[in-house]
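This structure is in structure tokens; I'll ask about it shortly.
Letters A, B and C mark the chains as written, and numbering starts fresh at 1 in each.
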Amino acid sequence: MALLELKGVTKIYQQGKIEVPALRGIDLTVEAGEFTTIFGPSGSGKTTLLNLIGCLDKPTAGTLLFNGRELSQVDKKGLARIRRENIGFIFQSYNLIPVLTAYENVEFAIRLLNKHDKKELKDRVMEILAAVGLEGLENRKPNELSGGQKQRVAIARALVKEPKLILADEPTANLDSKTSEEVLEIMVKMNQELGTTFVFSTHDPRVMEYAARLVEIRDGLISLDRRRDGTGVSH
Amino acid sequence: MGGFLTRNRLRGAAWLLGLLCLAGLFLSPRAAAMTAEEIIQRRDSNEYVQTVIVEAEMVILNNNRKLTKAMTSYADGDNALTIFTNPRDRGTKFLKRGDELWMFFPDAEELVKISGHMLNQGMMGSDFSYQDIMESDKLTDLYEFQLVGEEELDGRQCYVLEGTAIPGEEVSYHRRKAWIDRERFVGLKEELYARSGRLLKVMTTTKVEQFEDRWYPVEAVMEDKLRKNTRTEFIVKSIEFNPVIPTETFTLENLR
Amino acid sequence: MFLTKLALKNLIRYRTRTLAVGLIIAFAVFFYILFDALMAGMNEMSYEGIIDYETGHLQIVNSSYWQEEKKLPLDDLIPLDLLRRIKLEEVQGYRGSSAELAFQARLNNGINELPVVGRGVVPEDLLSVFSLADKFVEGEMFSSGEQRVVMGKRLADLMDVGVGDYVILLVRDKNNTFNTIEAEISGLVHTINHNVNNFLVYMPLDVAQEALAVDDVVSKVVVRLDHKEQAPQAAGVLESKLQRLDGDLAVYKWDDTDALSFSSYAATENQIILGIILLIAAIAIINTVILAALERMREIGTMKAMGLDVREIVYLFVIESTGIGVLGGCIGLVMGAVGVWYLVRFGVDFSAMAQLDMTSFGVPVLGKTHGVWNPNAFITVFAFGVAVSFLSSILPGYWAAAKDPIQAIQHR
């Protein structure tokens, strides 16, 4: 069973009296463990697509299955639960909680799950922070960290709950080339070691180099879908 | 029959007796002295009327202020209704029923019972207190009167009487001194005293008129002796003795 | 709880705003407490005004007389020899007693007349029960048997008379017969009691009894105790003693009279002020929550993305707001405590501030008004303040939490 299955997914936004179609019929299947990049010019609909995949929104038409579950039936509270347990987000502007330290920001994500006891929690957080190369910096607040470090915290936060899917919306957009590379390396590492599915949106060509699968969106439709190993995906 | 008592003689004696009696009738008022009580009673029988309708004016003088009020009063025994008719007070009404006194204010459409210390206040600002007007018991029941002499007052010969309150009776004025016209038996002046001996009020009759067989005071002045420069004049404009007054006149509903 | 910790950290982070709103609430609390203390102080003064000049702590009267007291009848009076058979001094807390004969009179200065209430009293007793001794602004107290009177300076001014002048009191005695009392004014007083200042004329009891043609009787006996709190018990003891002599006698406490309208007036005012204060607090809180939500839009979006549901986000805001309420409340309580301490110790002189005599308005305030400690007020306003902070943050909290996460995240 694929992790994500989108069939004929359409999303239309109401802006006053005008209807804006952001997605006009997307068919996409993502298998568990894939490292996929969605690229395209701004306004092409990639953010919308990510939002739908991330269960932050529901399609106007079409079906979206997450782990085999039809999302159109799920209510807001249900969607929140799915996000909490299965999806990690990484944002372009990091979106860390300013009053919390790096440790606490990461801890936040699994505290919500109420699954682990205190000691387990601590171990897991420290482990993940080390994995993204942030040991020693766990007590710093976001305003005391560099862009790259902040993104690493975001990654750690996304990863710490061992989600099925990590969605990253232009994660390297605010980073310099060196840091971007470092961050991407970590993500690849996590993908390979933990088998977490990564779906990015980007228009950074460097990111596209790392991706095992490229999906291009133009004007709300997929125009390209190619795997690195050459295998194409028909649409 | 013969003898002393002839029919003619008897008839003559009867005439003589009759003449003597007539003479006696004419003579006795001068010859026999009247008691104080009789004098008061004569005056009361003149001034006291069971039923009467009076149209009167009341002029209140207080320092330099002068207020004139006009009223029409209906009285029947213990009940009396007074309606004010001058423009300023038009519609104000007073109703006395036995022991109770009620007042109606047309502006506020309010009916007020006057009792307690309110009775001591001057009616409509005059020197006649409500209490003065309320008192209707016969004076001879309340006071012990004595004839203290005779005086001339404004050209009229008057009996001067002094009345002292009978102990235990509820009276306003401990002592009253009255000047009563010898001929007409109408009161010409009255002085009202407190128990301490202080003169409280003086009522002077300034005009009397004859109605059929009685003399009635039609103009009087009341002075409050405790306050300088105040007096109230009471002037009767018209008076109807013993009219027929319907009993509904003296009801609270009629006041409104 | 974790979210609670986060909420508190947020409060510390946005220190300025927390403090600003907290201070608004603090001042609101502070003013309420001060107002309450002053109102209570004025209440006390009005009680004193009544106790010290009219009712004492207890009044011994014939119960039929009490019903008709407004008319000041000369019936159902108490014979003094009956009272002498009771040892009033034995009542706990007894300080003194004053027998008085009350009657209606018209005060006449030869030109005008005013209705007044006369009180025939024994001078030494009057001064031992009521606080008149130091209230003489002119002249002095009379002695028994003298044809002299004492009245309020206000009344005297109204009648255009002064100490040494003669006045006439027109009265009706027991038989309703008019009598006059001619007396010299021996002294004039000015007190916080409106009635004393404007309507009462004091004279020796024997003179009054003679003028009213009554025997050695009085309308009532006023008793003073050490504290007003002793009144209920003393009343009970005294009444049972009296009823053994005459079943119609009764003892009424100082608060059995109608003269307490001022305190109910004050209670309503208190509630209105509380309402206004809570409104201010609510507005401040709602404002803060909305501002905070707008500022932390991205955070809210992120948290939603991470899976926080609406209730949890609302919880964050509510805890923050309640925290501000508690903080503000505490600061307000401290400020209030200091303020009340000052008011209790030093008082505030309204007359000096406003440059007028408050007694002319019938308000029993003369000299300084002191505050009164009222722990209830502290608790009430704090509880209400926190409750309002809590409640008024719920709706704006929901408003903040309901924001679309996507738009929220992208909010710049």
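Heads up, the rule we're going with is that a residue touches a chain if its C-beta (ideal position, glycine included) is under 8 Å from a C-beta of that chain, and two chains touch if they have at least 3 such contacts.
Quick caveat: nothing in here was measured; it's all calculated off a predicted structure.
Engineer: Treat touching chains as neighbours and tell me the shortest step distance from chain A to chain B.
Structural biologist: When the steps are counted carefully, the minimum from chain A to chain B is 2.
Engineer: Indicate, using Cα centroids, the chain positioned nearest the centre of all protein chains shown.
Structural biologist: C
Engineer: Based only on mean CA positions, could you tell me how far chain A sits from chain B in angstrom?
Structural biologist: Here chain A and chain B have centroids separated by 116 Å.
Engineer: In whole angstrom, how far does the Cα centroid of chain A sit from the Cα centroid of chain C?
Structural biologist: Here the centre of chain C sits 69 Å away from the centre of chain A.
Engineer: Can you give the whole-Å distance between the Cα centres of chain B and chain C?
Structural biologist: Using C-alpha averages as centres, the distance is 55 Å.
Engineer: Do you know which chain B residues sit against two or more other chains?
Structural biologist: Expected reply: no residues.
Engineer: Inside the complex, what are the residues of chain A that reach chain C?
Structural biologist: Contact set of chain A toward chain C: 47, 51, 54, 56-57, 76-77, 80-85, 87, 89, 91, 93, 95, 97-100, 108-109, 111-112, 157.
Engineer: Quick one: which bits of chain C touch chain A in the complex? Just the residue numbers, please.
Structural biologist: Residues in contact with chain A: 2, 6, 9-10, 12-13, 298-299, 301-310, 405-406, 409-410.
Engineer: Where on chain C does chain B make contact in their complex?
Structural biologist: Against chain B, the touching part of chain C is residues 71-72, 104, 106, 108, 110-113, 115, 168, 170, 172-173, 175-182, 211, 213.
Engineer: Which of the residues in chain B come into contact with chain C in the complex?
Structural biologist: My answer: residues 116-117, 120, 165, 168-174, 194-196, 198, 200, 226-229.
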